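Shared chain: chain A. Partners: chain B in the first complex, chain C in the second.
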Partner chain A sequence: MRRSVSIAGLAAALVLGTLGFGTGQKSYVASAQEKTSTMEVKIDNFSFGPVELTVPVGTTVTWTNRDDIPHTVVSTDKVFKSKVLDTDEKFSYTFSKAGTYPYFCSIHPKMTGKVIVQ
Partner chain B sequence: MHPFDIKTVVFAKHAQHVVLIHFPIALFIIGVLFDFLAQWKTQRLLAAAAYYNLLVAAIATIPVVLTGILAWQWELEGQKLKGILLMHLVMGCVSSVLIWVVWLIHRRTRRKQEEVLPGYRLPIEAVAVVIVTLTGHLGGFLSGVNGPG
Partner chain C sequence: MSEKKKDELLHDHNNDGVNRRGFLKCMAWAGTGALCVMQGGVLKSYSLSRLSELNTAEAKGELSFVQISDSHMGFNKPANPDVAGTLKAAVDKINGLTAAPEFMLHTGDISHLSKPEEFDTVDQILKSAKPKDVFYVPGEHDVLNDDGKQFLERYGKGSKGAGWYSFDKKGVHFIGLVNVMNLKAGGLGTLGHEQLEWMEDDVKHLKHSTPIVVFAHIPLWSVYPEWGWGTDDSAQALAYLKKFGSVTVLNGHIHQTMQKVEGNVTFHTAASTAFPQPQPGKADSPGPMKVPAEQLRSVLGITDVNYVQGQHALAVVDSSLA
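Up next, the complex of A and B:
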């Protein structure tokens, strides 16, 4: 009985852990401890990860190109714009105002992301 | 956006380059194929088909080069290119020049009303097909045909 309970507990933990990991890829909310720190967005396989990032005012977001293909990070509202980022190159921008900042890759306009500054 | 809506064309930006590039690639490769067949079978009709395919391929390079350069200037603000983008730009220009050179060789023979096309055109055409193919491969890689969606 005790053994079956512990197996069920382990399975539940695995399912919950997997679900938590999966949702974490699409959007991310910075915790209080991460305030005013640097947040990272990874560019890989023609997508930004996380696609949606929520950060406090004053946070510096760094995009790193982990793809084999060059990409750019361009704000839809022309707030920021990177040069062409080759593999392992980075681009950073500090968000000093609250708001929603949608962005895309100008080489591959289907690649989009969003930074929500609160 | 509707595919026949004028806004689709206007706002497509560098997507036009990605669409237009298929015309010179296909026409040139088929033109060269016809020329090789014309040489092998000694048929005038195949040689004529090769000539007109090469002519339209050469004309089609003009909007392709223009839209490629405009995409570089507008989307990337003309910044200094490197890596795959630079290779694609250089090889694209070389491909366009080679397509025009091949057509001009055919054109010269026609104007002089010579019966036989010069044999040296065949290796030039073969090299041009390889460079066009490599340029297209780089372009496909850049445009994300291997990516999701």
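Up next, the complex of A and C:
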């Protein structure tokens, strides 16, 4: 993972996010020093964005369905499971333990994503 | 070559391969309405405009039923703000068919969000259809939040497992399958071991000459796996049907008509009564496709199926709601 120690705070999330794209992978990294403890995942066009999200322990992740079709957010390892989310509905989960959490939409299982908690 | 000959397609089902030219021609017609008649293992296709040239027995058959699909009651987005209205239009179309269908198949996504009032509305609208019996299989939108409990309570009487069953009508064996439960991350539709075992047993004692109609929500052939348009273990189900001379597979889910012939099996997907979806890969996602309001009913529809006893013939006709 490429990191720049000279960058801190909110800017870190933005710049590291850009670096993530630079490596060809849609992934964001939230730095441990970051004040904010919530992160967003948007559901657009039958995909989770970002598809891979790295957050510190204690972060709350909120998924928002922006499609005209309902979706769900279901942990592959049955750690969390949303009710069905209609257009603009949200689901949040707070990650209190480190680990890798793969998830998918149980209605459209081709839609997959991952949260990495450090 | 006469005009009529040119519009008649012949597939030799003794060959394994599909007549590609014929298949593509049938596909092209599917969008506007096609009649595909299977007789003695040979498929003949006619465009709907040539229906008048068929004799009565061919056009009507001895068993007639209609397939509707993907009503999505409760959907209210721009692609169709009035899905109740278009379902009513589908019922009007069914009531206007010259050969009155004996029953209806609904291949799932009855509701949009599995809400009781959505199912109630569909039940109410379908009451005005002339055919009184409706056979259902669930779509993924019908089993949200409760693992299909409500669906089974409403429509699953006498069914097995998650709602699969079979029945016979005038010598034709119908098999309703469920492939929308327990979907795995990254996967497609799933039938599952228990259902496959049941199916193997269900067809074991049938004569090879028995015409088979299989209906399920998600296509049982690989339409476009990238969008989840296929069923992971459908090959196993189809293997049980290899011995039969005539197999017709009816699906919904992809909100457009599409047809494929492979050996003894004719695959067919029905249009939605609610909203169209894009052709495979022709958009960023398979989400609802907005068409100009005046064109909407031309991309929605019903599917009318006729069986001619003794001729191994199943004729599948798509009609738009326009």
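The rule we apply is simple: the second predicted complex is superposed on the first by the 88 of 118 C-alpha atoms of A that agree within 3 Å, B and C clash if a C-alpha of one lies under 4 Å from a C-alpha of the other, contacts with A are read in each partner's own complex, and residues count from 1 in each chain.
Here, a residue touches a chain if its C-beta (ideal position, glycine included) is under 8 Å from a C-beta of that chain, and two chains touch if they have at least 3 such contacts.
Note that the coordinates shown come from a computational prediction; the quantities given were computed from them, not determined experimentally.
When the two structures are aligned on the shared chain, A:T76 is found in touch with chain C, with no touch to chain B.
When the two complexes are overlaid on their common chain A, residue A:F104 makes contact with chain C while staying clear of chain B. Legend: residue contacts after superposition of the two complexes on their common chain; A:T112 is shown touching chain C, with no touch to chain B.
When the two complexes are overlaid, the chain among chain B and chain C that reaches more residues of chain A is C. On chain A, the patch touched by chain B and the patch touched by chain C overlap at residues 45-47, 69-70, 72, 83-84, 86, 106-110. Residues 45-47, 69-70, 72, 83-84, 86, 106-110 of chain A are the ones that touch chain B when the two sit in their complex.
Residues of chain A that touch chain C in their complex: 45-47, 67-70, 72, 76, 83-84, 86-87, 102-104, 106-110, 112.
Partner chain A is touched in their complex by these residues of chain C: 77-79, 112-114, 140-141, 144-145, 183-188, 225-228, 284-288. Taken in their complex, chain B has these residues touching chain A: 13-15, 75-76, 79, 81-85, 141-144, 147-149.
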